[in-house]
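Quick one: this structure, given as structure tokens, is what I'll be asking you about.
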């Protein structure tokens, strides 16, 4: 049985400014190390956090220019799951309408971007996106 | 601020190795591209990117690497990567980059693979 | 002339639970690295942050069991100063009544503790403590 | 959670070296003290704490180290430290610990210093 009590919760608020995604990735590292996640899995969390932050920085157009994050360690007794939420108060988007990027077409295309969400989904165990004209929240989880 | 990517080049007969140290973000990717295009202009068709000193990348940086791959395909050259962290290798795999650029564990294997006529 | 515009501000909220001071120290590291502080000075900031957090954990008796931190990078154009504030909503204390700890007497004393604030003052460039029955805020700064 | 301090001991004729790896907090300090008191019980009067693998400490951990120093003074023994990070060394300096325990850069200097009859 997987317990789902929140054992630890840390919140971080970042300005949407260059390099601030690195601060988020360090907080994620601290929480993942606390759970004794393996170094390779910690690295995957770090990369996913960076992508989620730069998406908010680049695409949200949030008027307050801030990203609101929570890092939660969940489990029944022992830490089992790291859940990270990345929220902005920007314009939102339709996650369902996103086309899966393909390297063959990107190689020929003018715009080679569009990989962030694909990478997040590939590196985390589960990803949920809630987006509206009030903003976007990406909640991503990884087991220990 | 934040220390910017350091890029160093080892020019060899017919090929070159580009070493990176630091974060491959927007600017980091641009730095690598500048160096790569210069090497291509010098007539080199075999490039190896040794990312030994790079622990983090972001997708903006990687999309600039895709531009370099496109260029290499155009000139019928070869681009290889080596010394990737497990996460960077996995990310390249997720993106399918490994179909268009060779990924090697270390430099020796990379040079053997890239310089073979195949 | 030292500019004092706030170039970056990050906020972090931590639960008062074992090891959470390490998360704070990682956030401090990220901000100090962003400023390109030297590794030894970054390490000093880290240690001061750990001490300020465990003081709040141990002594504040804050009913919400939370520590509220801000990390600010200040400067005129270039980052010059890292200012870190550590706040709790606990019982407070009289910083002026604290006796300077002396190793000779601590060696003979039953209680060998009482070094945290001394260490913080020794490692940071400036430290201000504001404490009342509404809680305690420690603001500590270090130049790049 | 968070990995706990690893403590290993190298017992030598007349002295012992205690190696630490990890965070010296409350529990970490207790771990070191347990090992140190055992070595003292075995009759050893010269102890070297090699903190090569410790990058962070807190004042609760250090106050437990002060208890070990007190014990060593009682039995007329010697306690030395080596391989401290610059910040840990500075912290020991701030606290005045260096008046009661010898601080050496590396193990060789420490062993030479601690074993000299002075």
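Letters are used for the chains, namely A, B, C and D, taken in the order the chains are written, and counting of residues starts over at 1 for each.
Everything below uses one rule, namely that a residue touches a chain if its C-beta (ideal position, glycine included) is under 8 Å from a C-beta of that chain, and two chains touch if they have at least 3 such contacts.
Just so it is clear, the model here is predicted, and its values are computed rather than measured.
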Common touching chains of subunit D and subunit C: A
Computed distance of Cα centres, subunit B from subunit A, in Å: 26
Chain centre separation (subunit B, subunit C; CA means) in Å: 42
Centre-of-Cα separation between subunit D and subunit B, whole angstrom: 46
Residues of subunit B whose C-beta touches two or more other chains: 1-2
Subunit C residues counted as touching two or more neighbouring chains: 19, 22, 25, 33-34
Chain contact graph, described as a line, ring, star, complete graph or other shape: other
Touch relationships between chains, expressed as pairs: A-B, A-C, A-D, B-C, C-D
Complex contact set, residues of subunit D against subunit C: 1-2, 23, 55-60, 62-64, 66-67, 69-70, 73, 85-87, 90-91, 94-97, 99-100
List of subunit A residues in touch with subunit C within their complex: 8-15, 17, 19-20, 22-23, 25-27, 29-31, 33-34, 71
Of subunit C, residues touching subunit D in the complex: 18-19, 21-22, 25, 40, 43-44, 46-47, 50-51, 54, 101-104, 106-108, 112-113, 115-116, 118-119, 122-123
Touch list for subunit C against partner subunit B, complex: 33-36, 78-79
Of subunit D, residues touching subunit A in the complex: 1-3
